[in-house]
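Common to both upcoming complexes is chain A, partnered first by chain B, then by chain C.
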Partner chain A sequence: MVALVIVAHSAKLAEGVRELAAQMTQGRVPIFAAGGVDDDILGTNAERIRAALEAALASGEQVLVLMDLGSALLSTRMAIDLLPEEQRPRVRLSQAPLVEGAVVAAVEASIGKDVDEIEASAVEAARMPKVV
Partner chain B sequence: MQKVIVTLTNRVGLHARPAALFVQTAARFRSNVTVRSLTRDTPPVNAKAILSVMTLGAEQGHELELMAEGPDEAEAIAALKELIESRFGEE
Partner chain C sequence: MPLTQEAVRAWLQRCAAVLEENRDYLTQLDAAIGDADHGVNMDRGFKAAMARLASLNAPDIGSVFKTVGMTLVATVGGAGGPLYGTFFLQLGVKTANKQELTPHDWAEALEAAINGVIARGQARPGDKTMVDALLPALEAYKAALQEGASFAEALARSAAAAEEGMKATIPMIAKKGRASYLGERSAGHQDPGATSSYLLLQAAAETWADAA
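The block that comes next holds the complex of A and B.
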């Protein structure tokens, strides 16, 4: 099973994306939110992300991290550097957009797809027509 | 090969949670399962891939053709038909 980590500049945004993805999969996929510098300050926090990564690594063989913008990437890379070295290869950073990517990744993870297939679908979600 | 035509009667069509349930149900079976929209005249897409299912643009009232081929094709078709006809437990 692949677990997901949601990194966003707002704790509410990260939690909201987690909630949405979890509802789509009836809680079958482990999803952890790491948003905000703390609950009130916008930004990203490597320590929060590290805690979410550890929880995800404890519940999935592979972890896919979905991020919102800018420094989310920097903080996530810092968080990965805080992990034991042997665990780092189990974490993959997604190129996908946050909301569409998280929803698609969660559904694909819920049916047991591997991390490469999940990432490919999540990235492809960016091209899905929204207005039909 | 098993084939059936069903009409989507749930409110949101094959989007969001219903699409997820559809894909998860299809994935329980070993058979290859495809779905196409007769209403939009789309080609068949993999029923076990969320993105393919979402891009069908299947809405309430649309007709879908489900096809399954494999060792449990009849069960797969029956389960998906039942899911759609029960309106995904929505209403």
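The block that comes next holds the complex of A and C.
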């Protein structure tokens, strides 16, 4: 099973994306939110992300991290460096857009796809026509 | 006289004070080309670091720097969190188990810290980032030591080079971070990260002005 971590500048945004993706999968996929510097301050927090990664690593063999913008990437890379070295290869960063990517990744993870397949589908989600 | 842990703590206190004084200035710089939070972020991060240091009975200088680095990654919020966090964590790695720092120790620590920032952010000189202040500062510091300058003189030249590097970011087009979304419109504005880097090195030159 692949677990997901949602990194965003706002705790509410990360939690909202987690909620949306979880709704699609009725709790079958472990999804952890790591948003904000804290619950009130916008930004990213490598410590918070590390804690979410540890929780995800405890419940999935591999972890896919979906991020919003800006410092989300740097903070996530920092968080990975704070993990024990042998765990780092189990974490993969997604190129996918946050909302569409998280929803698609959760669905794919729930049917037992591996992390490469999940990432490919999540990235593809960016190209799905929104206005039809 | 080498730097003691007390001198290192005095520098960090000065950094916190200078970042508080320049909070609005840094935020204004960031408002022009970023998300208008760099001053607030750095002030919050250093205040949190000072609070943690106040109750830390550190066995060596490395522990002081590591505590600052770990606090910054969890409290700054923007790219400054992982970047300055890495800067201070790397200072901590190079000063682990040290009770004092010689001018040469500082050169090694600063070099590791700056290399850490470059590895973390993948920025090159000219990308309009912290690196544009930090790298010239490191080179000036090492050159000064080679010419036989005193510790204080080398620190002063390092800060002067950081200031020049900071000013040189004004015409640059940002290649990294939020500012890069602006493309050519980022030109004409001084980089906030290069500015905070200059402030920290200037604080070192001021705090350690009696270092020999």
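In the analysis below, the second predicted complex is superposed on the first by the 132 of 132 C-alpha atoms of A that agree within 3 Å, B and C clash if a C-alpha of one lies under 4 Å from a C-alpha of the other, contacts with A are read in each partner's own complex, and residues count from 1 in each chain.
The rule we apply is simple: a residue touches a chain if its C-beta (ideal position, glycine included) is under 8 Å from a C-beta of that chain, and two chains touch if they have at least 3 such contacts.
All values reported here derive from a predicted model rather than from experimental measurement.
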Exercise. What is the contact status of A:A51 with respect to chain B (first) and chain C (second): first, second, both, or neither?
Worked result: neither
Exercise. Given the touch rule stated above, what does A:I41 touch, chain B (first), chain C (second), both, or neither?
Worked result: second
Exercise. Is A:L83 contacted by the first partner chain B, the second partner chain C, both or neither?
Worked result: neither
For this session: Report for A:S75: first if it touches chain B alone, second if chain C alone, otherwise both or neither.
Result: second
For this session: Considering only the touch criterion stated at the top, classify A:S110 as touching first (chain B), second (chain C), both, or neither.
Result: first
Exercise. Regarding the shared-chain residue A:S121, is it in contact with chain B (first), chain C (second), both, or neither?
Worked result: first
For this session: Share the list of chain A residues that count as touching for chain B in one structure and for chain C in the other.
Result: none
Exercise. Can you name the residues of chain B that touch chain A in the complex?
Worked result: 16-17, 19-20, 23-24, 27, 48-51, 54-55, 57
Exercise. Which residues of chain C touch chain A in their complex?
Worked result: 35, 37, 41, 44, 70, 73-83, 85-86, 120-121, 177-178
Exercise. For chain A, which residues are in contact with chain C within the complex?
Worked result: 9, 36-37, 41-48, 69-71, 74-75, 77-78, 82
Problem set entry | Touching residues on chain A, where the partner in the complex is chain B | 23-25, 103-104, 107-108, 110-112, 121, 124-125, 128-129, 132
